[in-house]
Amino acid sequence: MDKQLIARGVTRTSLKNFYLWILPWCLLLAVGLYAVFLCLAKGLNQTNMDNRFSFGLWIYLDLTVIALGAGAFFTGFLLYVLKRKELKAVINSAVVIGFICYSGAVAVLGVDVGQPLRSWFTFWHPNVHSMLTEVTFCITCYLTVLAIEYIPVVLKNRKLKKVPSMLVFEFELHKLMVVFAAVGTFLSFFHQGSLGGLYGVLVGRPFAFRPALGIWPTTFFLFILSAAAVGPSFIMLTTWAASKISRKSLVKPDVYRYLGKISGSLLIFYIILKAVDTMFWINTVSTKGFSPAGFYRMQEFGTWILFTEIVVLGLVPAIMLLSRRVRANQKLLITAGAMACAGIVLNRYVMTIQTLALPTLPFDVFMSYVPSWQEVATFLAVLSYGMLVYSFSFRYLTLFPQEREIQSV
Amino acid sequence: METTQKSPRYGMVIDVDRCTGCGNCMVACAVENNVPPAQAKVTERTGMTWMRVSKLDNGLPFPENRSVYLPVSCQQCDHHTPCQSVCPQNAVEYDIESGIVAQIPVRCFGCRYCMTACPYHARYYNWFDPEWADGIERTLNPDVSARMRGVVEKCNFCHGRLQAARAKAAADGRKTESESDYTTACAECCPTQAIRFGNLADPKSEVSILSKSPSAFRLLEDLGTEPKVYFRSEQEWVHTIVKKTSSSELKEHSNG
Amino acid sequence: MLTPGTLRFLAGFVFSLVIGWFVFPYVLYERIEQPLQFSHKVHTGEAGGMSCTDCHEVKPDGRFTGIPALEKCATCHSSQVGTSPHEKRLVDEYVAKNREIPWLVYAQQPENVYFSHASHIGSVECANCHGDHGSTDSLRVYERNRISGYSRDIWGSSISRLARKATWDGKKMDDCIGCHESRNVTNTCLKCHK
Amino acid sequence: MTAIIIAIAWNLGQVIFLGIFFAIVAIIVVTLAASTIRTMRIVKENKTDAVRWESEFHDLTPVSRTCRHELTGEFKHRVCNNGFDCNTCESHAKLLARTPAESAPSQVQTAAGFAVPLDRLYHRGHTWAKPETDGTFTIGIDDFASRLVGSPEGVELPALGTRIAMNGTAWNFLKGGTSTRFLSPIDGEVIETSNGAEGWFLRVKPVRGEVKTGHLLKGREVGAWIEREFARLQQLLSDPQVGVTLPDGGMAVQDIAGAYPDKNWEAIYSTLLLEP
Amino acid sequence: MNSKITRREVLQFVGGSALGVLLSPLPWKVLDDTAIWTQNWPWTPKPKRGDIAYRTTTCTLCQSSCGMRARTIGAQPVSLAGTQHHPFNQGALCTSGLLAHHLRYHPSRVKQALKFSVQAKSHSTLSADDAFRELSAVLKNSSSVVIVDERAGRTVSALYAELAASARTVSYAPVSARGISSLNRLAGNASLQAGYDVDNAKCILSFGAPLFDGWGTPSLAARFFDKRGTQKLIQIEPVRSRTAEMASKWIVSRPGTDLAAALSFAHVLLEERLVSASALKSITDIDELALFLGAFTPEVVSKQTGIPPATLRETARAIASQTPSVCVTSHAAGDDVQDAVMLLNILTGAVGTQGGITLRAEIPGMRSAAASAKQSVQIDDLPDHSVNVFILDESLSGSSIPDTLLQDKLVSGGQGVIISLSPFVTPRPFALQYIIPSTVMFETLGDTTGPFDAARSGLALSSALLPAPDGTLDALQFVQKCAETLSVSLSSTGSSEEILKKRIGALHASKRGQVFMTSTGETTDVKQLATADDLWNALVEGGCWIDEAVGVNARALSFRVMPSIKHTRQTQTTDSNTLLVYPIVESSAYSGKTVSPLMSKVSQESGLRLSAQDAYLNPVTAAAHQIEHGSTVALRTKNGTMNVRAKLDARTMPDVIFVSCTAQSCGNQSAIASSAQDVRLLCEVSSGGSYTPTPVTIQKVYL
């Protein structure tokens, strides 16, 4: 049976090995689901969040995961809208990655809010001035889009496509994929932006607050750009990881280079703007009665963090990705991609955690917070959920069309 | 005294020189607004204190160390109220008829975005189910509904009392409440009358006169959120410390 | 040209429509009889000759008594005056034992809602929200929502809420807001939420 | 709807915002609905085989999609994107105009040691259709395929009266536990089946009117094509250590599959018999 | 259609019904109703509705007897506030007073009589009658029974005294407000009644008394602020406390050196002849005193206290020159300090003068205090291990008598018995204990005397707004029960109302003093009131009676100070760099009391107050020992070990760790937690009963 599900012409590891691989993830998932249950049944006192750290690990991860998941929309955009055929090799994988990231993020949000059963109020009584409303709307829509984009990949399964209606539906859906790609891109631009706006609009948090361009703070645009920049890098990383784990070459080397090139050219653009924005911020923040230097007084969050974010994990990988010679060397290429992703992860961390840790009132103190096991477990559950979905998709679906060709040649 | 024609903007002036930090305002507030007592696991960081008395000191070592107490509740910001614009489902509203920044817990779904937005840390999340020890729930105030776990709440300037005052006005056939009928629990129970409550829109009212005095100040004034809670002190150092904000502080607390 | 497939589809469709529109509302609401029967007609008619405010009065501080306490009933019904079996039960089971009558309030708003009769009386007719309740001869069955615990009157008789019979048919927040807007009264949250 | 909007008092901002939201939802729903309806129609009109061919054609490796005019050398390099449907291919029409197809001589020819009788029309899936005198067609597999398959574990022939579609599945054979299909070169109704002893498997009679054969290979294309296929096969079988195992021009063994049991035959079949 | 249903057919049906459901109200209504359900969770309590009324009464939690106005739903008070213009508290209440209406439902409330075996290993419940049946046996064959009355001056106090007088084995131990009581001690006259007239004092010298933090009536701070400038407050304290912060002058002194400081002031007063002749004359053993004080020169004392000699001299001069002046101490201070400070008041001539310590006449209508005084004893004076039975009246505010003191006086070997009338579980592990459940505020009609920080004596009634729970007794019923079991007949018996009415009647008959009426908010002379009932009603409605300013002639008084002063040993100088632990009285408003769970707002939830588990540390000291704010540390002295949470506070003196001796049981901590005991586990107590700073080692505990 298992054999009948694996696409013709590709080889996959034995069922036994496969089970051995997914078993640990299943266990992790189970633990995480227990933690989730605790949080829903007993309330968020199970976490280490508090009135000052009202956002914690979860929100931080949502922002990160969604930034990395941006590869899905951006690859889709390049392939279907800008007709960059090279990317056909990774689009399926990108869609699955995107689906995992977004569904994971939404799931965690469901636990993070205190009254999940009232979440739909946001759709019925929306405050359109709130960035969070924008985020909620876009993410729910885009998750639907991703789910739809995922369908054809599933229907292409060797067994399923034997069913005529499924095959035809896949075919018809695939014809209209450009629509979804376009809609998805539109939505993604908005919610990547509004995630940035989320913190940029906080008048009361001069560390995060940014002046508005039009109706959105600068972080709105920086987030879009940064997400678009690392998205391809992340696709590159996951593809590379998949091929390392499965010990197969899944795409032609030039695909890696191409992804790296896109990533690099966007990243350099982003870093320049980010630097400008930071300069501007340093000069305006003092008018709010806060000293920019003061924000970096605490050793944990010293100026090193700013340097690391912009130079070490921003400028450096950008330049690396832009140089043809680095791209030619896969080790360096992957390293650069990883650094770029790390840079964004750090940026999201600074936006969420550092903003809350910093005091505002004259009698405030600097506060730190360590997530409880329930918080960590919940996150790990999402991770293992992702691993499982991807593993199954990789085994039974055609994530990398080039794989067969590469093997047959 | 009847209110002036234009709708009132209620506010407070708190004389920190008169505040002994006894904590009456905190418990009176909790009693008035049915805020539950702490469960065993609750800490300073997960507690529910709509009104919280904090210590402000001049940072000098003993014995030069001077300190005052600042009772900080919701500052009822007047302009681009940080928490109001961010709430995704309109659970926070600027009440045009009283200037109160209204928090409606039954609309709230506990995303806590407003808490990250509030620079005064005046918003509190129900981390626990509310629990009153056997029978104490019989002493709850019927004018305020008890909140459930998983929502954000904060000082609404004892809006239950405002509603009562309005009802009384209606019964007397008056359009607006009379300010003599409406004061907050914290102001009422302050043993040194450090907290004064009234209508800032009425130039004749005590609070608006006090709020204009040179000894008056507000927290994080530079943010431009225009709080309606004023503080006043004759002590120079208090003004200096309040001016330079906490980013210069080096204290650190940790949890978890 | 209805293929069997289409027929099966339609069957399912109709089936669930019936469930959703007719069975579900019936199951959702629990029908409870009032502890006693009571005739507003008799009390306000020439027999009783009472006025609404005799029992439902606004206090000087603007509070509203709502449903009167037992003592109010006892003033007349300390012993049986009529012949109705319900009055007999009133006297024997409540007045005699001095137990408050556990009336079920049709228009009961939830705990988080603040409603001041004082500020509505005069500008709004009682019937506007309570219908002809004041002139009924008997108390209808009280319908309680099994999930939310609310009285059916809050949602209104029409399960879709698209066909409101009258202003008193349904007292959800939207209805209050609608009425406020039609009379251009502000709709600030603190007006009605506590 | 509007009634509700007024009832719950949405302000203009909300209406606009929700407008965009619902527009997007609408787009998604419409698109889904569109593809569903079209799917239902196609399934009803059982054009599935055509669609399957079209859909899978793009999953074929470019080499499998080499244009017949590259075989004849008229093109240096050309990959077909038209499902081998030469009837609707302009450049094909042009080229025919230039060099009309020669009438096929009937003596047996060989290519790379495989018999390629030119009295029949070849499908790229290594099946052929041979017009019989009574206006029916016999359908079978070419020498290359039969050696490639060797002795199958089983053959699933269609029932008499079944309508098989051009480029659709004609019949399946079982080998190495997995079933692989042979593609039908033409449309038609099965009137007789055989176990291939006489060299053919199906006899079909045309369904309506003229049978489409324009897409099938004939004449000199066939030999060139078989040689390419043989080269591909060698490549697929080639082993870095051993090097090329079938000497060029040498006769290939009768049962190649049997000769190389350890090869991934499923992959080879899927590549050469056009089943991705 | 064939009989067996294929998957395909099912799917078709399901598909249809799915669409149908979406087009029916079902999913949407359920969505709405579940959301509504979360807004009305059955386990979230709903406040009871009912008629709202306001009742005025008097708080009995402490002697201040604050007038309070209760907002009631039906009969149940739901919030409390001070009575405006009330002569005792001017409309102010303290934190615990604001929450008094919770005590009725306190988790540690006693619902039935309890019997704790020795070591409180186990306890059993029993009916009140059985309890008293057992008690009669206990009382009959015990040779020495002591009734402790922590609120002398009430009607029931007189009955306790009477009971003591008529039963041979029983003696009566009134505990009057600490500080003032040393006046009785020095004058050798137990019947003297006095009060601090802080309002009229020009200069107040406070030895660490938390004047603005619950030392007296809650309005004291407001009264001081309103007189700002005209009144001088000098605070001597090792911590810049709330009071110190707001005082006109704060003098830093080493912990536990108040005695030395006081004596040095006395020294200066004599040395510089700042004492009036009459004051000198009133002290019978003045020469002996002068001799004794010779040792306490400012120079010597300044080494112990860390106060510069000049400052000591100035301060002494200040209290002598800026008359009327009054010197006060913390309630936690031992008798030695109390007496030494009272000596200062005598020397400055404050005793018996307005703005100093005013002597009060007896409140009419009671068995004379003088008569009561004859049988009365001071617990401290009792020989150790001489008492068989202690009868504790804890019905008002719990007991502030340290358990160790009771333990010392009770017969040894756990043979002692404690009978306590208490609303809360207050077990004492060292004796066989009976707890008779008592009423709490709002459940009983009782009388209470006015505050001790007022010139004139007063009287007020607390009325019963709520029915007392079955099986509970108020003090008046209790004393009668005790009389029964001892088969003694009391002069006045009957219901509490009858007994109190009798007293108020007599008060009215005396035509003395004035009465404040909550109905009018005005004060009228008792003379104006036609009948005793008018006075009664005025008081039941939360008014109060205030005596005229008739006082005992101070000239008549003579003091022997040496007996109580001389046994005080020189406080030894501790070299300043050893780490010391010392108790701090955060607020005497609720020290030693059971308080509402809601008190967590000011301690557990905000850290505004030290809770029993907290300790103050100077940041410098903390840094020296690598201790961060909020970390748990173990304090170890030779007496014992105690785990506390470190709170860094630059207002406290370096190298001293201040632990709270504010005993609270909020209900959410264990009801038996009494940090007053914990403190004693660490700190040594001088023979005079005051804490002495004790060397301690501090160590961080990793949990």
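All chains are identified by letter, namely A, B, C, D and E, in their written order; residue positions are counted from 1 within each chain.
Throughout what follows, a contact is a pair of C-beta atoms (placed from the backbone, for glycine too) under 8 Å apart; a residue touches a chain by one contact, two chains touch by 3 or more.
Computed from a prediction, not measured in an experiment: that's the story for all the values here.
Asker: Which chain has its C-alpha centroid at the greatest distance from the C-alpha centroid of chain A?
Answerer: Centroid comparison gives E as the farthest chain from chain A.
Asker: What chain is most central when centres are computed from CA atoms?
Answerer: B
Asker: Centre to centre, using CA atoms, which chain is the farthest one from chain C?
Answerer: When every chain centre is compared against chain C, the largest gap points to D.
Asker: With contacts defined as at the top, give the pair, A-B or C-E, that has more of them.
Answerer: Comparing A-B with C-E, the pair joined by more C-beta contacts is A-B.
Asker: Distance-wise, how many Å sit between the C-alpha centres of chain A and chain C, to the nearest whole number?
Answerer: Between these chains, centre-to-centre, one finds 52 Å.
Asker: Report the inter-centroid distance (CA atoms only) between chain B and chain C in whole Å.
Answerer: 37
Asker: Where the CA atoms of chain A average out and where those of chain E average out, how many Å apart are those spots?
Answerer: Chain centroid spacing, chain A to chain E, equals 61 Å.
Asker: Two-or-more-chain contact residues of chain C, please, as numbers and ranges.
Answerer: 61, 63, 111-112 - these are the residues of chain C that touch more than one other chain.
Asker: Mark out which residues of chain B touch at least two other chains, giving numbers and ranges.
Answerer: 43, 47, 57, 106-107, 129, 144-146, 148-149, 251-254
Asker: Which positions in chain A touch two or more other chains at once?
Answerer: Touching at least two other chains: 115, 118, 121, 124-126, 129, 133, 365.
Asker: Mind listing the chain C positions that touch chain E in their complex?
Answerer: These residues of chain C touch chain E: 4-5, 8-17, 19-21, 24-25, 28, 61, 63, 110-112, 145, 147-150, 159-160.
Asker: List the residues on chain A that touch chain D in their complex, please.
Answerer: Residues 3-4, 8-11, 124-126, 128-129, 133, 137, 141, 144-145, 148, 161, 164-165, 167-176, 179-180, 183, 186-187, 401, 404-405, 407-409 of chain A touch chain D in their complex.
Asker: Which residues of chain B touch chain C in their complex?
Answerer: Going through chain B, the ones touching chain C are 93, 95-98, 100, 102, 104-107, 143-146, 156, 159-160, 162-164, 166-172.
Asker: For chain D, which residues are in contact with chain A within the complex?
Answerer: Spelled out, the residues of chain D in touch with chain A are 8, 13-14, 16-18, 21, 24-25, 27-28, 31-32, 34-36, 38-40, 42-43, 46, 48, 51-52, 54-55, 59, 61, 177-178, 235-236, 264, 266-267, 270-271, 275-276.
Asker: How about chain E: which of its residues touch chain C in the complex?
Answerer: Its residues touching chain C are 1, 8-9, 12-21, 23-26, 29-30, 32-34, 36-37, 39-40, 42, 46-47, 52.
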